[in-house]
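Worksheet: the structure to be examined is printed underneath.
Each chain carries a letter (A, B, C, D and E) given by its place in the written order, and its residues are counted from 1.
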Amino acid sequence: METTGHLRELGLGTGKKARLHRILYRHGLANGTALFLPYDQGLEHGPRDFFANPAAGDPRYITRLAVEGGFNGIAIQIGLAEKFYWDYAGEVPLILKLNGKTDIPSDAQALSPLHASVADAVRLGADAVGYTLYVGTPALDQDFAQLRQVRADAQQLGMPLIVWAYPRGAAIEAKGGKDSFYAVDYAARTASELGADVVKVNFPHPEKRAAVPPAYDRDFSSQEAVDAVVRSANRTLVLISGGERAGDDAMLEKARESMEAGATGLIFGRNVWQREHDESLRFVARLREVLAKYPST
Amino acid sequence: METTGHLRELGLGTGKKARLHRILYRHGLANGTALFLPYDQGLEHGPRDFFANPAAGDPRYITRLAVEGGFNGIAIQIGLAEKFYWDYAGEVPLILKLNGKTDIPSDAQALSPLHASVADAVRLGADAVGYTLYVGTPALDQDFAQLRQVRADAQQLGMPLIVWAYPRGAAIEAKGGKDSFYAVDYAARTASELGADVVKVNFPHPEKRAAVPPAYDRDFSSQEAVDAVVRSANRTLVLISGGERAGDDAMLEKARESMEAGATGLIFGRNVWQREHDESLRFVARLREVLAKYPST
Amino acid sequence: METTGHLRELGLGTGKKARLHRILYRHGLANGTALFLPYDQGLEHGPRDFFANPAAGDPRYITRLAVEGGFNGIAIQIGLAEKFYWDYAGEVPLILKLNGKTDIPSDAQALSPLHASVADAVRLGADAVGYTLYVGTPALDQDFAQLRQVRADAQQLGMPLIVWAYPRGAAIEAKGGKDSFYAVDYAARTASELGADVVKVNFPHPEKRAAVPPAYDRDFSSQEAVDAVVRSANRTLVLISGGERAGDDAMLEKARESMEAGATGLIFGRNVWQREHDESLRFVARLREVLAKYPST
Amino acid sequence: METTGHLRELGLGTGKKARLHRILYRHGLANGTALFLPYDQGLEHGPRDFFANPAAGDPRYITRLAVEGGFNGIAIQIGLAEKFYWDYAGEVPLILKLNGKTDIPSDAQALSPLHASVADAVRLGADAVGYTLYVGTPALDQDFAQLRQVRADAQQLGMPLIVWAYPRGAAIEAKGGKDSFYAVDYAARTASELGADVVKVNFPHPEKRAAVPPAYDRDFSSQEAVDAVVRSANRTLVLISGGERAGDDAMLEKARESMEAGATGLIFGRNVWQREHDESLRFVARLREVLAKYPST
Amino acid sequence: METTGHLRELGLGTGKKARLHRILYRHGLANGTALFLPYDQGLEHGPRDFFANPAAGDPRYITRLAVEGGFNGIAIQIGLAEKFYWDYAGEVPLILKLNGKTDIPSDAQALSPLHASVADAVRLGADAVGYTLYVGTPALDQDFAQLRQVRADAQQLGMPLIVWAYPRGAAIEAKGGKDSFYAVDYAARTASELGADVVKVNFPHPEKRAAVPPAYDRDFSSQEAVDAVVRSANRTLVLISGGERAGDDAMLEKARESMEAGATGLIFGRNVWQREHDESLRFVARLREVLAKYPST
């Protein structure tokens, strides 16, 4: 009974707790960990991301993969959610991504405009919403204003808010780039301070020390860095992103370190679906082996 | 894959399909059938219903029972949902009952006033809302106006609408009473015509023929009657109510006939919790045995 | 070109004209006449209306029949429209019935409460809305208030408004009943005065003269009566209702007289579907033969 | 029966399905293909576009041409819809174009401001709305905000949303221009991700490889490119635009390749009406011959 | 630390918990019990209630008494709150009573209309709002509608909701009257089901058995009755009302039994202020002695 000990301690209202319980304890490994499948790259990068495995350009293929792979959720934009989630509605949780942009203009003034609402997410039966926050962008006034509305709506409707916390913009570039321990740590904390229930960050790179503030210009192990990021997020659950496709063993080691640090789970897209179907499922099985070692009860 | 063949044929939008899938295929027997635990009797009849088993007066006891018994949902009013669902949020689906009344005044002009909204249900992470419609009441203008708003909100927010379709009022009494085959059949159809996704009716009594319209004043078997009721509801799923506590074997036979007719499930309250805890679970186990024979895939 | 000469003379805005053109010139005989299939009897009378042909209790059967029979529209309530129209969306025009009631309480204070909106009709792709007005009811304040809102919304959204103009209530009974020439004539005019684009009336019975006002207490032929009713409706198009099932030849003669009088078409439900499938289509074919003789160009 | 097999698989609600069925199966060739007549050039380019055939400057001439030519729809701005659609209301489907701009200022920060609403489209009896999205523009925050509102209104009112997906802006120019395979492919996907039901794109030019991202800097045939664009749009139906007037045989070859790729149809304006009346109809007849070879049932 | 163990178990949001903590742990005995001073009798009964102690007619006198007596709160209507609470704002918690009525018309159709809002309470710095619900009244549709709005506003603004749950109306009179164990028990439960955070009830009289339902027509001790009432309220805190002035020892015995049953506190008005100032404080001291024996940590 009352197996969701962990969720009881996060200061969540009833609807957010119900929906996070569903995601974490009734899907995937059902052990309090999470493996999410993000599929917004068609908008964020364009169809070129599907050239490696053309089948992956079909949202139906990907939705089915999320079901087959036992994912805890699939994160997609409104257009695909409207047309493709119905087929598998309820079989895998939907995370509706509320904002997004193309990568055509430069990121110097990065802003990801809203194109859907929390009410859309409710209507589609989603279990969470996703919002991309560009930490460090000069356009933070618009970014914070958007997030403020999303957070208030999510609070009102009991919808968990997952923030994609991405360091971005000219100033970030000038202070060590978007992948430094400094930038990722600051991004995790910013999401937590602004009201995220879950934060998605990239794995921090403490070795990228050029131009970072002095406090981060020291020797940190990879594990120390990710430990600190999870601490910075405090009661905001942490998801570590896979990012661009890389070597499997390196990815799995990052996954292990992340879970060891107390992350709740992983969000891997291109590393999963930029390969042939059965190979995707085999890689997913390896990720699940990692998650199985870190139950949260 | 795509196990929800049945749900695909009901004309449901994405959110309603997602939430019904959760209720029918990820809780209870997860075979497309449903067993619901209604717990609104404290308001509808007062605490006297708990005298047979005082523990049942505690909403925490009942919510836990719903989890232990593997129910597909618990139907409660807003006050209990606000204070008790958090403990088990997501472990058993919540059906938020949106209207209700005491049984203190007479039912001649029966109307069950709204005391909560579909937005409350969303906020609490509910998977369906419940509305009591008094079919045949002289207060139908207020009743239909309330239901209209609830239906529109439920459509807008993707929330399944379960209608408790109860024949009631002086005209019903004059035409054979609330339990006749005529009254129950008409109630099921009315809910369907007005937009219910699921309808809860009492078991029809074709032998109660006094004063019913001629078409129903003929010999019908119990099975023929419940068959007709399910047909009248067409794409609206049917739940058969247990009503007042009665003999177990009689209840189980009614359950069997209902499922044979194509009902989706059962909604049994007093027959379950007006007995001691372990006995409740034993009775639930017998109900589940019935449901297990009627999977819907 | 510009074949819709008739519609050009009715004072219609663009949207109403577009939708009526679709109904009258792109469906059915496409000659400006109309044959509608009403299917609200499950609510208005209860499932007993389906006992004569149980297949007719299934809204899918009826919707398909509307397509097969080449009807100009099917008139159904919101619940059936939500769940069944999708299957044939666009293949036969939808007339969304916005109000309705059961026949359980008495009609002395008849009122048909709203349960859907013009916006629902737009959302479902309907080509018209239907509203039942009880001409003569003591509850006219609520009835007119409802109609006023529907008319204003229909005007705003370009949606043709079809009024089911039914004489009803104690005063009507006291003045000759609901089928007299007096009552039907008054009903047609009332709908026209209150803003109907189309009015559905029952065939007038000039021979029912008991207690009608003196002006109607004279010898009128059946043709004279229906001529007058169509004149009373002026630019409001007239549909003649079949009502309860009766002899085919009598119905066809009424249909012929109605069209001769200038009615736009017929709305036949029980006379069509209270018989076996192929027999239904044969009767529809005879109705179409009548309509084919009265093209409106 | 149920001839709209193709439309059943697109994740459409009832109203959108009804209206698309009307466009695709009850107008034009009524075989699931579409030929649209766009007539927004008077705003987008100014009256100079009518110098080649002055009659084409008269919206009445063009609307009649759409009827005569058996088009599946005419796409016009609000001013012309208000004043000219009434004449032929319902005879050819109206696609109300909701935004537009002049070509007087530069396109570096391209944005097409809204000048009409989905509610206007409903009022006028339109069967779809059109929105121009400038994919890649620096003004994407305003563009996405506008589209978000249009998409939400269209969803709410059951109105199909056709997105004119045009790569535009300084960054597009710097990455190969608006007609490259890269740009068109990205535009089609962006429309799909943001919720278009139908997307209008220009024919892709895989030979324009200068400065495009590496994935597109390879040899692709014209057919391979258009195949990929249709795949990128997935369940969003694709219309290929004729663009500026060009040689008939080249246009017809593009049309053929587009349909071979799985496009739903063509949207040809200047190529149609920048010539004398009868010649326009002869060219339309040749386009219809192409469409007739690609029925979608 | 975190001494508010009791409040942690009630399913309260942050604002409600903060305000109840203030009332229960920073005022009065600061031990989790409560003693409230209600002062709405000037509206409910008229000035005659002040004849016994004319000073009590002055709201300033009463407010000062609430501070002097160490009450946990004073419950007053909007007019007095606007003009008198300023003087002692923050020194004693304000419970703003949101509805009320005179006792001039009969109570057969009892309804207490709203005259202030939860937003008024926020503006005035109140720590709770009060609402009178007439359980059993024929006017339940209006009563429930009012309470629904108050509950939703209170939830939205984090304001504790205290329901004065009073059995009232002709049907109550016919079933044993407003003070029976049956009536009080049902009232407590109704408040809990409809969302009260705190419920005020009169002390139940199990000896008033005439005409009550059979379940209550048995021998119950006074203690058994009040025990049951507190259980029926479950997580809704219970306040026992003093009602009309009666003998001090009898009142204190009721108070003791109430606290023994698990009530949170007492709400005594006329028994306090219908006597001279110092005598009032002496009686309050005796009530506090009772409360001191039932700390809730």
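Following the convention adopted for this analysis, contacts are C-beta pairs under 8 Å (C-beta built on N, C-alpha and C of every residue); 3 or more make two chains touch, one makes a residue touch a chain.
No experiment lies behind these values; they were computed from the predicted model shown.
Chain centres were defined as the mean of their Cα atoms; on that basis the chain farthest from subunit D turns out to be E. Between subunit B and subunit C, the superposing rotation on Cα atoms measures out at 70°, rounded to the nearest 5.
The chain with its Cα centre farthest from the Cα centre of subunit A is C. Note on chain placement: the centre of subunit A and the centre of subunit E lie 49 Å apart, centres being C-alpha means. Between subunit C and subunit D, the centres computed from C-alpha atoms are 39 Å apart.
With centres taken as mean Cα positions, subunit C sits 56 Å from subunit A.
Among all residues of subunit E, those that touch two or more other chains are 11. The part of subunit C that touches subunit B in the complex is made up of residues 40, 42-43, 46-48, 50-51, 54, 57-60, 77-80, 82-84, 86-87, 100-102, 104-106, 111, 113-117, 120, 142. By the touch criterion stated above, subunit B contacts subunit C in their complex at residues 10-12, 135-138, 140-141, 143-145, 147-148, 151-152, 155, 167, 169-172, 175, 182, 185-186, 189-196, 213, 215-216, 228, 231-232, 234-236. Interface residues of subunit A, counted against subunit B in their complex, comprise 1-4, 13-22, 25-26, 64, 67-68, 81-82, 85-91, 94, 119, 122-125, 156-158.
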